[in-house]
Structures are given as C-alpha cells and as structure tokens.
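Read through the structures below before going on.
In the two complexes that follow, chain A is the common piece, with chain B as its partner first and chain C second.
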Partner chain A sequence: MTTHATATTAETITGFITGRFPRAEIDPAKDIFSLGYINSLFAMELVMFIEKTFELTIPNEELSIDNFRTVEAMTALVDRLRPAVTTG
Partner chain B sequence: MTDQLTALDRATARRFVDEHIAPFADAWDRAGAVPEEALTRIGEAGLWAPFLPPRLGGSGTDMVTLGAIHEEVGRGCSSVRSLLTVHTMLAWALRRWGSEAQRDRWGPELAAGRVLGAFCLSEPGAGSDTSGITTTARLDGGAWVVDGVKKWITGGQRADLFLVFARGPAATVALLVPRATPGVTVTPIDDMLGTRASMLAEVSFDGVRLGPDALLGPSGFASGMVLTGTLDLGRYSVAAGSVGIIQACLDACADYTSRRRVGGTPLGELPLIQAKVSDMVTDVRAARLLLAEAGRLKDAGDEATLMATWVAKYFASTAAARHASEAVQIHGANGCGTGYPVARYYRDAKVMEIIEGSNEIQRTTIAGEAYRRQVP
Partner chain C sequence: MAMIGVVGAGVMGVGVAQNLAQGGHEVVLVDRDEAVLAEARTAIARNSRMSRLMGGPALDADTILAAISTAVGVSSLAKADIVIENVTENWDVKRAVHAELDEACSPDTVLVANTSAIPITRIASVGAHPERVVGVHFMNPVPAKPVVELIPGVHTSEQTLERTRELLRSMGKRWVDVKDASGFVSNRVLMLTVNEAAFLVHEGVATAEAVDEVFRGCFGHPMGPLETADLIGVDTILYSVEVLYEAYADSKYRPCPLLKQMTDAGLHGRKTGRGFYTYES
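And now, the complex of A and B:
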C-alpha cells in the first residue's frame, strides 16, 4: 500500500516536471537543478503544485534545496508531511 | 453611519471609491500625498488587507474579489492603489510565509491599517534586475544586521513596516524592519512622473540590528520564493489597477465626447472617436477577464496563476498606457490641463509599464513560457 502510494507520488511529480520540460530526461535520482534551467519561477510553481496536488502545506523549515533536488526527495517530503496533515 | 464594508465586493468598493477617493484624487496628485484622513477611512472600510483571515482581522476575501477591489480603487486613484499594492504584498507574504508569532504580532495591525507596510526591493542600481541588489543582511551573534539603500519605495514616506530584501549569508532573504528601528532613514522622493501621491521614498539602512524573528520565511534555497510570491501579488494588484485606469479612461471619454461638439456634432458621433472608444470597451473587458482568470487560479492554489498574472499585468498595463494616451488625445487641449483627470491617468499609466517587472521583463518571461517545451 505504501509502496503503491509512493510510486504514484513520484510519477505525479515526474509528470509535472516533464510536462513543463518534455525533453528533460528525469529519473527519480536525477538532480533537477543540474539541468541548468530551473529558475525561481519554476521552483515556486513546483512548490504550489505539490501543495495543491497532495493537499498539504510545506512548512518553512522543509523548504530546503535538498528536499527538492530529486523526485525521490520530493516524494519523501510528501510522504513525511502527509501523515502529519492527516493526523494533525 | 459607518464606512465598515461588512461584505466586501466590487459594488461596495465602487461606492466607497466614488464617495471617498475619486473626487479627491486630482488634489492628492497635486499635493503629492494621500491625507491621513483618507488612509484612516480606508482602514475603517476594511480595505487594507481583507484577504487576511478573520483571526488576523481580515474578512477572508478571495483573490478574485481582491482584484475587483483593487481595480475599483485604481479607477479612482492610482496613488491609493499603489499604497494598497505594497501593503498587500507585505501582508500576503506575512500570511504565506510568516511564523505564528509574526502573524499574531503584525496581522491585526496590518488588517486594520494601524501599521502600513511597504515593499523594499529596488535600489539605485537595481530595479527589475533583482539579482543586482547590494543591500546586505548578515548574522551577528543571532541578530540580523542590514546595510544598504532602497529607492523608489512606494509608501515609504508613510509606512511603519518595511519588507526588505537583502543579500543574506546564502541567498536573498526577506526581513521585516519596523521604521522606528535605529539606523533606518527615510528621505522623501517628490515630483515623480506618475502616482505622485504615493509618497515614494529612499530608505537607508545603516547597521540596522534586528532580532532573529525579523526573518520572514525560509533562508537559503527557498528564500527566492518569498520574492517570487510577493512580486506575484504585486503584479496582480498592478494588473487590477491598470484595468481600473482603462475603465476610468473609458468613463471620462464617453462623458466628454457626449458633450463636446465640433461643428455642431458631438465628438462621440465621429467614427474616429468611436474607434478609439470601442477599443477601450474591448480591452477593458479582455483585461478584466485575464485578471479574473489569474485570481481564480490563485484561489484554487494552482501554480498556473503565476504565468496568468504575468500575462494579465502585461496586457492590462500596456492597454492602460495606450488608452490613457488616446484619452488625452480625445480631450485635446483640455486633456493636457488640470480640468480633467485624463492627464493624471496618462502619467499614472506609464508607471504601470515599469513597476513590478518592466514590460520588457514581462515579455521575456512570457516568451520563455512559449519556448519552455523546447528546452533544453
């Protein structure tokens, strides 16, 4: 169950990135900042997308670059925040 | 009778503007300031930050309605709308990025207008080029120390609280700086081309020491998002104000051309005048729809609002400048004097093409959207 949910989260995030940059080759461990065209506008869009899609609010202390560097990291962030929202 | 607008919407904002703002806008423009009485009245009407939740003194107004309110205020007076814009930027950033303690400290004051906010980004050497700012914020024993100069700060002469963007230890940081902090110096900037009553200032920070709670939002990687998000709200408000300018031009021209005659014929019956007025009618509707789309996306938390707001601001501001120019043309010599408001609209509209990202930056960013799918 957890594995399935995690895979869905990763696919959803990957789909958002490749939807914006179809020519980018994204795998879960790929450092998206190494692509060279991630700017503050896209970073803000990415945060808003994650918050809206997964119905959560990312607190300031979780807005570190390491949490957004890869799809894996973003998936872990979502998984971390979701239970807190559900039970909170 | 109270001016408190219990249910804020376009109609109530329109009535307020028609009674308390529009009739005085030309006088404020000439005086170079919006009087305290008017600022107080805006607070009594609940217009300073109605989007804040009731817990913080707001009325939970949605973004579509906020856009309509700012449009109505912009129709009456771009200087007042400019003050609303920068106050909105600070209050929104506080709601979005502030800690509970920061929200509790400043939210109710901002909602009521007891504390007025201003947005400090531009510097003598850096406007739209935000990467060029030189104001610094360094940590010294747990305290923030700010040094630098900010210029063309809307509302700076009057504001009580500044949202200052500075180069921090790792990236740009946003800091809440009360005006009364030692080391803050405010120097008025008068005689600008437009929004002449918006009380611009140069604000200097000389070894300004602030507690750790001055930092708004994250530091490091995500601090750029504070700036991106805050400018997005500013752009939304300027887009709304630009729609208001177009509507004001249309109203003024429809009135003038109905009464003014040439060779016994009302100007409004001349095809060349009708062509200009019809373009105003069309563009104000188009700009209003673009603004509403951006607002709906904001209310939905949809990331597409960022680009939608760029597009709305670009379209509305360029249309406002174009139609304000035509409004002066339609009024002839009357349009160049103080007897009609269109000269003010013309000067104010030009400013809309420059602030919150010049239109060259707007076009570059919008074009980037067009080419996004071709990257890399």
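And now, the complex of A and C:
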C-alpha cells in the first residue's frame, strides 16, 4: 500500500463527510460522532458509501461503530479489506 | 410459537417484521405486490446487517429472514394470532385494509393498528369486532426504539389489550398508555413542530440545517425536527398533519405548502434518498 493511495482514501472519505456536513472540520483522528450532529444513521450511510466507492464488502464482524468513528479508522478498514492490487 | 401477520411492507412494516423475528415469532409480511415484498426483504437484510452498528444486537440476516415469509393479499392471515397493520397514513387506505382484515381473519385474531394520527375507535368501526382492535404507535426505526404508545379504542377489550401487552414484551418494548384522540400525545405535538419548522424553511427564515442546529444545540435534542421528518418520511408527515387538520377542524394544523410540494416531487426523505437533506443509499 502506497502513501499516496492511503491519502486518497482518507480524502475521499473526508470529502463525503464534509459534503453532507459542510461546517464540519474533520481532523483525521477526530471522533465524528462527538461533533454532536452526526449519529449512527450516518454510520449506515458511511458503510454504503465505502462499499460502493471502494468496491468492497465489509464483513459483518467489522461493522462496529469503532471502525467508523474517525477518518483514520475508516481508512485503515478500507486498507485492510482492499484486495492487494499492484497498480502500475 | 403463534404466527403474527404484518400488513404493509413500507418503512414501518419492515421494522415491525424484523423486530418480531428478533423476538422469536413466525411472521407473515403482506403487501399488495411482489415487487414491494422483494424490496422489503432486501431492506430487512440490510437493516439486520447494520443492527450492531446502530447500537442493537448483532443479527444474522439469514436467520431473521428465515422467520419472515411474504404474501400478496391478506387471505394468508386467516389463522394469525395477531395482525399488525402498517399501511399508508390515509383514511381511505386504512379503511379498505381493515375491512379486508375483518373479513379474512378469525374473530380471535387481535388487530393492531400502527398509526401516527388516525383515531383507533374510527378504525375499529370498520369491522364487526371492534373489541379486538387496538392501537400501537411504533416509532422509527422500530427495532431501535424501546417505547410505544398503546391506545385502546372505546370498545377495545381487556383481553385484546393483555394479548397486545404480551406481544410488546416479547418485542422488548415498553409502552405508555394513552387515550384515543387523533395524534395521541406524540404526534399532536411533533407534527405541529415539524410543520412549523417546514414553514420556517418555506418562508426563508432559516435553512433546514439551521433549524435542526437550534434544536440540537440549544435544546439538547439528539435530532432536529427536519432530520426527523426525513427519517419518518416527508409524505407521512404531510398525511399526519392532514389527518390532524381534518380531525380537529382547527386551522393550527394547516399543512405547510412546502411539505405538499416535496411530497409531490418525491422528496420523501431517507427512503427516497432526498428530503430536507440528501442521503447515500
């Protein structure tokens, strides 16, 4: 996994969150649910967005709120689940 | 375990069916056509999968779906112990469905009307056995909301109420006893709040985001009224306000024109992907 690909994943996820919550200042380590206006209903949308965008299926055992609390956690989840592909 | 019928496979019916399956019941989910039922099964699978993420128990979607069979029309509910009706919040639709249920079901079947604003006594008047009709106002999403309003009509029997309480216990629900009046407690207040919030947006006083932020930030509500409208369904909000308007003949329940326009435009909230906000689906 290259640094560039990881940065892109984080940016893509951040972009989705700020698209819905334009005033949100998203630090990669920030717990988005602590902002006060993002709730578990949005977590469900994050699951669907991530699966569609990164073309993967998140296994049931990974569907815990802790995997969606921060952009860092979501990026790590995507990295774990993405098939190891070599782009060239 | 006795069979429980669920009529109407929209947002509420899907939630009720899943909640019953979680409680160990055998469920028959009924709607008018196969396409709606196929969508309902997809929604139940998705919602079961997301259960733990939403703060509920971890669920196996296949196990939940195995407890739920589907059928077109109410004839398959003849032997149901209890039927929970969740059709559109519109009197003509409710009346027609309750007439069919009264005909199709055994007189021993308890008929639960899940309604947000229509009086239970009025629904019970449709059939020949008003003593077996009772109101339960479930909240959305059904499996995640622990409390309901329990509403007897004028003729509802104690036996009907006790069987309904027993069913609610098996679903992990507590109830608040409320007398029969259009909108009960919850929607008499909530629908006026949502309607007035829609007027604020309609008049350009504030954006939907700003209205909701006032409720979250100033009052500490977990969700603002317009996010709530998107969750319930903007169309359902409109129908409920119209039911209140008609029931009380009071202009304070006049529906906001923006709710009408959004309903006509298909901007029904989360279930259609767009309402006051836009959603990923």
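Observations
Throughout what follows, the second predicted complex is superposed on the first by the 81 of 88 C-alpha atoms of A that agree within 3 Å, B and C clash if a C-alpha of one lies under 4 Å from a C-alpha of the other, contacts with A are read in each partner's own complex, and residues count from 1 in each chain.
Throughout what follows, a contact is a pair of C-beta atoms (placed from the backbone, for glycine too) under 8 Å apart; a residue touches a chain by one contact, two chains touch by 3 or more.
Since this is a predicted model, take the numbers as computed values, not measurements.
When both complexes are superposed on chain A, chain B and chain C clash. In the superposed pair of complexes, A:L41 makes contact with chain B and with chain C alike. By the document's definition of touching, both partners, chain B and chain C, reach A:F49. In the superposed pair of complexes, A:A24 makes contact with chain B only, with no contact to chain C.
In the overlay built on the shared chain, the residue A:I65 is in contact with chain B and with chain C. Clashing C-alpha atoms with chain B after superposition occur in a single stretch of chain C, namely 61-69 (options considered: 61-69, 151-159 or 241-249). The contact surfaces that chain B and chain C form on chain A in the two complexes overlap at residues 20, 23, 36-37, 40-41, 43-49, 52, 60, 63-65, 68. The part of chain A that touches chain C in the complex is made up of residues 16, 20, 23, 36-37, 39-41, 43-49, 52, 60, 63-65, 68. Against chain A, the residues of chain B that register as touching in their complex are 97, 99, 217-218, 220-222, 224-225, 227-229, 232, 300-306, 365, 372-376.
Taken together, the chain C residues at the contact with chain A in this complex read 49-50, 52-55, 58, 60, 209, 212-213, 216-217, 222-223, 231, 270, 277-281. Chain A meets chain B in the complex at residues 20-24, 35-37, 40-41, 43-49, 51-52, 60-61, 63-65, 68.
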